[in-house]
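Following this line, the structures themselves.
What follows is chain A paired twice: with chain B in the first complex and chain C in the second.
Let's turn to the complex of A and B:
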């Protein structure tokens, strides 16, 4: 290879070579666009065109995209702020997203700190904890639906057996949301752990050695070295978590149907129902765009962080 | 990193650590064990109100009966076609685009790459309503092409492949050109063989996530026969009555491919998951 690459001298000094370079440049651009053609068509048809359709529909009343409709300007967007069900759903989604994101990150960090040490069987333990992340949310929802079932579920039976009261985990207005959050944490804690482990392994050991020579305690090491150096990882996990959780439909659809009394009526699930059950396409489009704006801002933050991380 | 690994290792801290780990591992693994248990029980066992882990008479017949109760074989076939088709499409297009963005220079490259990346921040539920209507207009509701086409390529896959192709020395490509390789030949014979492990990771992640896909089939499928395993499984889970044992049996069947893939390829998988995040 080395011999061949030495042939690659740039003959700029000769006029006719220059001409050839330009034509080969054009040729390569044509090749590049030919290779990219399927990609350009695909993203235009299945991403940008639908977004344009949705934006158009969000400005209309009636049955945009499927039947008769009238232009109403920003009415649909204004209506959102008077819609108590939507505002409630937004609040639920916020609690759900912030709650599950933070708890997932904290548990993931603790697990990563423990499993980064030389503990026997740590590879297998990591795999077991990571595994639920790879499983379909349908299986997880049905599985926990059974475990938490007030009558046939094993959790309540266990609680009775040790002398405690069982709960209506998924049908009690106060218990349902925390229960759903717990399931999501359970599924994602392994993911947070894996990302944190990667972050921990990027911290140079010398930092700890230097600090230990200066007499720092392990708590100090954690507070002044580990935690600050993991900050980019933490930001990444929380932003990715928020983006994912803000658009969750399946937990509400599968576990609680948004109930009881809208206690787990997640925003994306609400949009799903407004669109496909109530057939209010215009309004559903406006709702989707609102959430899109929130997620857009979060993603921009994440891109910024990712950009910084490449340098780091 | 040795937070608790100081010289003075506190025995009780260590004990608490192991207790916490044991608890977490139990919580992580128990539902799956219980799922297998449920799949071997009779309806009477389940509704007796006394949950058991090891049923008195394991009902292996559940695994035979489920194929008659619902067209479960068809569900598995549907999932294989859809997840398999999408995975193949990703393997064709993602590396090709990744290569163009990593190795070719042409006007408009950065803008095009940014546009591809920008699709990462479009949540699926923003696309789902117009996509549904597009499929309805094409008469593609309830068809394989309707299930497959919205997921043919991904910005994530393109980005991943690009990251792996950037470090490949350009001299290799120049050597190919001098030897008279076509542009496609350079990609096919020189670049692709270098990124096979990355393609394996991409294929695994794509397949598993598509095998698990739930929302889009829920929207676009109308007949029982076209359901993939995920929405097929919910057939046993009705609003007022759930056949838990068959739900669990079906869950075990869906779970097996993911489990086997995970078991044999977890190093690839975990690396892919980490890379998609940190690179």
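Let's turn to the complex of A and C:
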């Protein structure tokens, strides 16, 4: 049977007008866009439009979006570099993000390596470790806020019971941020473990067999086979982790309110306070755009550094 | 075969008809009057103040106005603030909302709430507003000579003390001066028990600052005059309780202000400074605790901070008259007394503070007396529109002094310099 060319033109009477029949390629494109239209509308309304509005607000002082405001150009952006609190919160956020991301990835990898072995009960153990990831961050914040309470919390009560001194987890400016990082790692390590498990199970066993035949030790197998072939997984976990942690607000908002003495004043929390407590919506919008730029640059750097070493 | 198709003309007719049927809907006035037979009144409230007394007020309102329903939405203060701002931006605010203190001036300055003048002219005399309200509750809810808010709760900070602990330490009565306070705190501190538990919020430090004649904002000079020796001494005194005398723990950086009350209820602190909002949690948390409320201490003078919730009506409220009606009912004297009996909350009416019923309600009589010498610290600064920028700086200075034991003069001078720079830009 002859296959008709997909490109055929034929004049068609359409009311008073003559139009060429729409090609099937164009028709397929129209159908594709028709299916994409709801998503395009959704993202336009709930993402791109608010972002455009926020960009407009970042160029204004007063109460843009809510009340009266005045155009001030780039004044809000200039103010960012002179604002000590912004620089401090950015530093806190960087420590929080890098610490949480790296520790989560390392612990997730270790757990995956262990639980990839044929151990009795490994499915249950994996589920238990993954469970915190499924819990709402609000519940985790309330739970750990109580556990870490230096005066009536379970952790210090346990330490006292075994003869040790309690620690000022949430009142010591040097302990508060590590405490917050710890609970975030606790929540997310199960997720990292699951992703790494998937990556491990995709590594062909033949590589290990061949290496063993050549006399490779376990350390050699890990260093020269496992780790390089897990590079795409590691890249994914660290990139997604960094993006999420740079935008984190929940620990500061729910547990410490940015304290003590701004020790856990994450950038997103600071932006939230500037917008809703201080009612400096224009300045807060500028801060949000700056953070977007920082996340973008850091992500590109991550891809550049780590991406070159990814093997597939 | 003739194909059925939708011509452009028919398509346009169908679209227009659909738009008329669906788009217009029932026509409704933007500001319906009470004469309207039915509707929904939306009010925003704090879940900590959802008393049975107020539920009865709402039930009675719905009985008196059949066809009207009260949509009573509850939010914690930070969430309510973000919700309100979003509502203002969308032009869809509630008909009336509670506020924790200070929002009335802010939103009046921004033009987002309605002046109550027309309502007061119609109903004020009947409900004795503003005459029966404590005077400073009127000034803290006013802007440029007009009243924008109505106080519903009026609180102040006094000392809760553990009667048994003080007696065991040889103090049958609570302290009245700073020196006595320090003596009692030292005597009642032992392993895992503190003489005093401070709060992490800088607002609570105002008891000490006011008692030492410190002012937050001077409207005459448009400055924050908190780099005085009196202010430094008051802040250093608080820090020394923790770091020098070791009679107080470092407060917990938490999302709530319940830390001191929890320690007090758990018999881990002999004294705390707090308000009537902690009466019920303390009573419920430890019914066997033998405690009482003491008057504010006297430094250079006797004073304490005041606070409390007000109500306001957004400018774009769809049912402002109904919002006002509920405001009147929530603040009736009998409702105030019922709420006090139920929850231990203190109220703004002068007639409330002198009602003999208060003497029968545990702990409340002292708060009634305290309201007479309590002071509002922030109203003047809020009217500048710069409170939102300045108060976080004060909070930071407070936390540095308390948490890191930074010298009070250094922190306060840095705070005052920055605060006055902000004020000078206005």
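Note that the second predicted complex is superposed on the first by the 257 of 312 C-alpha atoms of A that agree within 3 Å, B and C clash if a C-alpha of one lies under 4 Å from a C-alpha of the other, contacts with A are read in each partner's own complex, and residues count from 1 in each chain.
Going forward, a contact is a pair of C-beta atoms (placed from the backbone, for glycine too) under 8 Å apart; a residue touches a chain by one contact, two chains touch by 3 or more.
Predicted model only: the values in this text are computed from it and were never measured.
Of the two partner chains, chain C is the only one touched by A:168; chain B is not. Look at A:284: by the touch rule set out above, it reaches chain B but stays clear of chain C. Using the contact criterion defined above for the overlaid structures, shared-chain residue A:276 touches chain B and also reaches chain C.
In the superposition on chain A, A:262 contacts chain C only, with no contact to chain B. Contacts of A:65 after superposition: both chain B and chain C are touched.
In the superposed model, A:42 lies in contact with chain B only, and not with chain C.
In the superposition on chain A, contact of A:139 is made with chain B only, not with chain C.
By the touch criterion defined above, A:77 reaches neither chain B nor chain C.
Between chain B and chain C, B touches the greater number of residues of chain A. On chain A, the patch touched by chain B and the patch touched by chain C overlap at residues 65-66, 145, 151-152, 253-254, 257, 276. Chain contact summary for the complex, chain B toward chain A: residues 1-6, 17, 20-21, 24-25, 27-29, 31-32, 34-35, 38, 46-47, 49-51, 93, 96-97, 99-100, 104-107, 109, 112, 115-116, 119-134, 136, 149-150, 152-153, 155, 158, 169, 171-172, 174-175, 178, 183-184, 187, 208, 211-212, 214-215, 218-219, 230-231, 233-234, 237, 239, 242, 244, 247-248, 251, 254-255, 258-259, 262, 266, 269-270, 273-274, 277-279.
Chain A meets chain B in the complex at residues 1, 4-5, 7-8, 28-29, 31-33, 35-36, 38-40, 42-43, 46-47, 49-51, 53-54, 57, 65-66, 107, 110-111, 113-119, 125, 127-140, 142-147, 151-154, 157, 186, 189-191, 194-195, 198-201, 203, 205, 208, 217-218, 221-222, 226, 233, 236, 240, 243, 246-247, 249-250, 253-254, 257, 268, 271-272, 275-276, 281, 284-285, 288-289, 291-292, 295-296, 299-300, 309-310.
Every residue of chain C that touches chain A in the complex is listed here, in rising order: 78, 81-82, 85, 88-89, 106, 110-112, 200, 249-255, 259, 262-263, 266, 268, 388-389, 392, 396, 399-400, 403-404. On chain A, the positions that touch chain C within their shared complex are 63, 65-68, 85, 141, 145, 149-152, 168, 170-173, 176, 253-264, 273, 276-280.
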